[in-house]
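Below: a set of structures, written as structure tokens.
Across the two complexes that follow, subunit A remains constant while its partner is subunit B and subsequently subunit C.
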Partner chain A sequence: MDLARTEVKPRDRAGSAARLGLMVVPVAFFAVFFAYPVTAIVARGLKVEGAWQFGRIGEVLAQPDIRHVLWFTTWQALASTALTLLIALPGAYVFARFDFPGKQVLRAVVTVPFVLPTVVVGTAFLALVGRGGLLDELWGVRLDTTVWAILLAHVFFNYAVVVRTVGGLWSQLDPRQEEAARVLGASRFAAWRKVTLPALGPAVAAAALMVFLFTFASFGVVQILGGPTFSTLEVEIYRQTSEIFDLSTAAVLTMIQFVAVGAILAVHAWTVRRRETALRLVAASVTARRPHGAGQWALLAAVLGTVAVLLVLPLAVLVQRSLDAPGFGYYKALTGDDSGVFLVAPIEAVGNSLEYALAATALALLIGGLAAAALSRRPQAPGSDRAGRTPAGRLLRGFDALLMLPLGVSAVTVGFGFLIALDEPPLDLRSSWILVPLAQALVGVPFVVRTMLPVLRAVDARLREAAAVLGASPWRVWREVDLPMVRRALLIAAGFAFAVSLGEFGATVFIARPDNPTLPVAVARLLGRAGELNYGQAMALSTILMVVCAVALLLLERVRTDRTGEF
Partner chain B sequence: MLKLDAATVRFGARTALDAVGLDVAEHEIVCVLGPSGSGKSTLLRAVAGLQPLDSGRVFLDGRDLGGVPAHKRGVGLMFQDHQLFPQRDVGGNVAFGLRMHGVSKAEQEARVRELLELVGLPGAASRAIASLSGGEQQRVALARALAPRPRLLMLDEPLGQLDRSLRERLVVELRELFDELGTTVLAVTHDQGEAFALADRVVVMRDGRIAQSGTPLEVWQRPADEFVARFLGFDNVVGASVSGEFADTPWGKVPAPAGSVQGECTLLIRPAGVRLVPAGEGLRCTVAARTFRGTHVSVHLQPEEAPRLEAACALREAPEPGDEVAVVFDAAEIVVLDREPST
Partner chain C sequence: MSTTKKITAAAVGLGLVTLSACGSSESGSGDASADSKTVTLVSHDSFAASKSVIKDFEKQSGYKVKVLKDGDAGQAVNKAILTKDNPQGDVFFGVDNTLLSRALDNGLFQSYEAKGADLILPEYRVDQDKHRVTPIDTGDICVNYDKSYFSKHKLTPPQSFDDLLKPAYKNLLVTENAATSSPGLGFLLGTAAKYGDDGWPDYWKKLKANGVKVVDGWEQAYNEEFSGSAGGKKAGGDRPLAVSYASSPPAEVVFADPKPKTAPTGVATGTCFRQVEYAGLLSNAKNAKGGKALIDFLVSKKFQDDMPLNMFVYPVREAAQVPEEFVKFGPQAEDPETMDPAKIADNRDEWVKSWTSLVLK
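For the complex of A and B:
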């Protein structure tokens, strides 16, 4: 036998095949329900008689108002990100290092805004700082004509991103690292700056990029609070598509947003990879202790005050406004249809939304679960290092980044793309109810993957091997070893997917049929109409939506694990 | 029963297993001994089907295991840190392999009870894994590996993380258990004491190759080469030249065992063969250090212009550091090793 002969390792190939097999369904899903509609609508806008009109890009970019939109989109996203970091980083520290009564509940409370529908957030801020809002009544202050309303709403939204991403890591950093630096002669501040800050750096960067991504692609909030003055790319795409019917401009804007989001995600993937470099992590429960000294109590009080004013107050005002009519008048009005806004009673939107969101959650869990399973099995073949720098590893990482794209790519484009691309056999889904859940699942999948991946990666590969040696086939291994460990993460992923599906607005607004509106669509339509009753009903519907989201999240917070909740 | 034929595994440029050939007979207990990184664990993983071979073959009962996935090989593997399933109780862990093989519920229960009794944990079936001590986890892991009656049981550092007294007790228990069950066992360890106590045959590995194979006594008495001798803890190893009944060494002329091959060689003098005599009678040395070893005292001696020597002395006779002593060598404790370039 020739000893020098190198054989292709059959098990290796089988492993890669299994990984690729797991990826087939998610890839097909994204190809058909994301890439295809987006490409179709871009083509519709930029292709004239079969020829691409790339000259349009230059023409569109030359328009002063488009340039203005680009500039505003960028700077408001930068400002929102900076403001969010400024306000939320102390919160991250407090949640990571302090132990205080009610911390669990408070952690859930700060997360509620993140899963709230953008429409609800916009409405809540309108009730707080808009015309006839709380501040207007009390002091005659209105912010809805200024950019501050948008910025504050963005902070409201993304506070949880920073607290959970940065705070999650911070709470697991081994304090003994800092102690080691102190013993070696570093001052308290120097130890923090030299040890903790570099360890946190990538997490802060990742959180900042996520906030930038969300605010860059912001739609519902700006649509409601921006008025005629302020318009982001996404809002402009919506306007061009549905009001001016200028598809070529919309296509160019979609492409610009696509490129920008792709760049942001590439940087994000890079920081995440850096974050994975070996850090000494310990259980979060051992790093937190009760605050001591006036300074720490003051910090805790300041953070709690911020949370109360910035996160709780808008929601409280929203609830108060919805109750403003005697005897739950606005809620009662929801059950009848005398407003003429809908073909059906607005309250039916609740049932529609729940059904759609459940279907979307099931889809997102299936697609996201398969994707996470594929991504978690890193190639451990000889010839690759632990980072998986093999062609297959690179492919997987690309896939990882791809999954995040729907979070940033224009939801309006996706929604409109659905309408024009999925309208002929074999994929004629225009009249099918599944269209809405499909679009909502697109935004749910990234959350499922983000939640489940860390847990799946934490499963010791040798535990799987132990099961295999005892006679478990690969499928049995997944069922017996992986599934019991990820069950909690799966629940949490389901909750996030449910909440974002429930609140999805940009795509749904296009494809929800008039007789089957979802909650956010109904809210937006009510807000678009004049009259106190419509306004009150919008508040009431938003409150219902908020309560459903909050309840889902509070239930989930009870099963939360330390390793999840990072996005 | 188990046969490895030129089994080779490479990790990039490093060769973890280099054309290893190994036979394990039915009911035999073979211990693979070697420093970390010598390829012992890779050997077990290759047999279990967890690590694909780059070349070579593995046979079990004459059947080529190439292409047979791990779950169909019918071998048992006890992992280094046990890898018990944390979310299952003791009974659930032990029954796992039985469930995978479709054994009936009643049979599972009976077998779990029987095995837990066998490993000395009767009635522990409903205990949580987290509540077990290290020694108990080890027993559960053993019961779990034995439950499906594997044709071959493999143990990866079976007692690695346990404290010394427990290790010494368990190694005796394991030996008795395997004798009783007639299990064929392939174990790997870096601890020579463990290997010698457990094994019918010891295989010493170095850099992915087998350096020596033999009964514990053979390996102990006649280490194959300098590497094996040093790995077993012998430090009195030098280049020598045998002529007639004597060998020339840096320590002077020492008696060579009868029938030694003449010429250049590597020579091992076991510490017990370094006898302290009154100053003036043999090789003059200064005592550099002494360490208490329980049954004896190990004395490090510094001869003039020669490498250090280690001697084993009875407690009462051990000199103090700094003392001037002299030594002579006992032919019975001198071994001529296979020639190998000294490293």
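For the complex of A and C:
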């Protein structure tokens, strides 16, 4: 035992060094573009003449209004997450295991809501649950003033998170394992519970965590559908910073948000560690088959029905409204640059958005990929299951959680932080184009990490060891063992990062850019003006945003099939 | 070991590339903003001007104009204050009388008396001793009504604040959250000007009893809830009265294709609160000279004539042209409610707080 250990140690140390090396870029990125700006804006609110005013925390927390906001934020996020899992997990199963015509298109379509700006979605969603909406016409039910509208809109937004995160892994689980359990006498349910469920655990946890984070930090949905009566922490931070200009209250709320999100992430990290196991992954194309039997067809029909009503219908309303003018009038109006609203034709926002999103995707893949690669490597020495307890291991685990913080932190905090933190050389980026992709990458990176990490970690370490024993360098091991197995995850990650960047509205809107608004910003500006043409153009631009997202996601689906076909 | 080092080196290298890429683009733009040939206007999202008019200014003055639209009116002001030591531009346009004191108290502007300031209508002039801000445009926040609803129901549209309390108009009005929306705040200030510091809470109690609906922003009120606007019609809005601007009816005509003979909406002229927007030369402006020229341009006849149909506001300059659509469909209120910016500053936060607990809770 002692002998074994002395043999292992140098390699272990080298592994730690490699991991820390891979972390340099992500750490620097988050320190400069997240921690520093957020600290700057919090300090502006809480520091008076160089002294921190931590007494404000007690004062703010003592306000009943603020406590009400905290309570509402928490319970609506829990309820939204539960509802989303309930509705979307059957969807994840259907997308993972069934083959049906139009599956690729549909998978892209269900992701579109996720990337649409909330200003637009609020409008679309009111058409479903509001007055004169479908529910109203069929059963006289109106939900637009109730909390149900918020919960359902959260499902609408986050359906794709569950389908893609859980479904992505599910489709690669070898069904023969479950079949083997059944041959050995397990009931269908027992086989699923003991074989599939544990394997899916990390992905379900990751998805649930993301949905919880998004709904905990929900902003536009609550603002539009909740009206002035329902307010989340994020909405309150926005109001305090942007409208009331009470920076000290905003700073306290930001710190509360940090603590809450940090706690959630810590719990998540713990549950994931407990469930990690090496999985037998196979190509997705092997596992999907046509549904057979009444039960499976019924399930497919139920899922498709849900998707049609909850996701496609609100989108269809947008398209229909954009076509209301004769002869594509609203679309034609987009190309005119005489309106003066933008000083450029609104249609140019499409090009701006694509350029920014591509840059942001590249950044997110680089940063997130390096982080995921570092986080996935754990010392595999004999008896070192607990090796994660080394200082380096602990540091890495902490960083895993840290990377996700931007998802749960108010965009207005980050945006305002950028303004006051990145304003001096060598980091005078306020008027640089890179600021927009940087802000977008901040929310893209967690997607890349979360999508890739479960798959990377599930790669059987013995494969790497075998390759290393056969003389492959760590780089080559990664390229020839890890990469082929995670290609799919990488593409999904890229797709998500791209789509999120395309629709990112929060931080982008707080960064002023001359002449080149992104699509969501252009939509918001058009909606901010009276008159039919402006409204129609906003709908037309939203439709274009939807189509661009859908096409981008669809292309990724195609690429994926070609590549996975190789092995 | 050596390969490990290689990976580390590669990672560090990539990081340096990333950072230096940022660095280079930063230095490029840094030069541009320090360039005395560029003048930067910071404003809110509603800023708009005809290209040709801006081109003319550029040709005449030799400056290139860069426009930064920095969020809605409140956000733009707050961001300008946050960055006042190292401003994003030279001139700020778009602080209104409801927020003016916040900007002045925080030292956002430096003194400059614009050429042509003497041609600005006297009622809009403020800060006459220091000349830190110059009035640029004005507009009225008023209740708009849906003409077809009132003709269908054979009902006269309300004309005054008092009318809005009548049972005939129960459950018809939608307004914005005064804490988060500029027209919402304007409407609240209008009632405070009309009924006095002590009287307005009582008015709102009655308005609440008469079924006023409060939504968070103008977009929701006007595009979703109001039955008279193009957006609201599509969204099935069912409130025929909404707090918006006096210039909203002309906008409904100008932005319609084909243009209707008459506006689908009208203005309750006895419910108006007058808003004035100002521009000022930012303290620490890098191109103060260019900034001064830009402010002169904003009060020039050319810009003032061009402004109404771009931003849907009224000019403040004597004898500036008011477009025909405005005269026909959105005339300025003859006797709007007004309030001294200093008084607004003293009471705004407290009023909004009491309004919130009175109306929203």
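One rule holds in what follows: the second predicted complex is superposed on the first by the 366 of 567 C-alpha atoms of A that agree within 3 Å, B and C clash if a C-alpha of one lies under 4 Å from a C-alpha of the other, contacts with A are read in each partner's own complex, and residues count from 1 in each chain.
Here, a contact is a pair of C-beta atoms (placed from the backbone, for glycine too) under 8 Å apart; a residue touches a chain by one contact, two chains touch by 3 or more.
Remember, it's a predicted structure, so these values are computed and weren't measured experimentally.
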| said: Once chain A of both complexes is superposed, is A:F416 in touch with subunit B (first), subunit C (second), both, or neither? | reply: second
| field | Touched subunit A residues, subunit B compared with subunit C | value | C
| said: Touch test for A:S431: subunit B only (first), subunit C only (second), both, or neither? | reply: second
| query | After superposition on the shared chain, which partner residues are touched by A:F245: those of subunit B (first), subunit C (second), both, or neither? | reply | second
| request: State whether A:S473 touches subunit B only (first), subunit C only (second), both chains, or neither. | output: both
| request: Please work out whether A:A207 is in contact with subunit B alone, subunit C alone, both, or neither, and reply first, second, both or neither. | output: neither
| message | Which partner chains sit in contact with A:C549 here, subunit B, subunit C, both or neither? Use first/second/both/neither. | response | neither
| said: Show me the subunit A residues, by the header's touch rule, that subunit B contacts in one structure and subunit C contacts in the other. | reply: 14, 473-474
| subunit A-touching residues of subunit C, taken from the complex the two chains share | 1, 3-4, 6-8, 11-12, 14-15, 18-19, 21-23, 25-30, 32-33, 40, 42, 45-46, 48-51, 54, 66-72, 74-75, 78-79, 81-83, 86, 88, 102, 177, 179-180, 214-220, 222-224, 229-231, 234-236, 238, 244-245, 247-248, 251-252, 254-257, 310, 312, 349, 352, 360
| remark: The answer for subunit B against subunit A in the complex is residues 5-6, 8-12, 19, 48-50, 52-56, 66-67, 69-77, 79, 83, 85, 87, 96-97, 100-101, 144-145, 148
| Of all residues in subunit A, which touch subunit C in the complex? | 14, 17-18, 20-22, 24-25, 28-29, 44, 119, 122-123, 126-127, 130-133, 223-224, 227-229, 239, 241-245, 321, 324-325, 329, 333, 337-341, 343, 363, 366, 370, 416, 419-420, 423-434, 438, 473-475, 509-510, 512-515, 517, 524-525, 527-536
| request: Sort out for me which residues of subunit A touch subunit B in the complex. | output: 1-7, 9-12, 14, 382-383, 460, 462-463, 465-474, 476-477, 480-481, 484-485
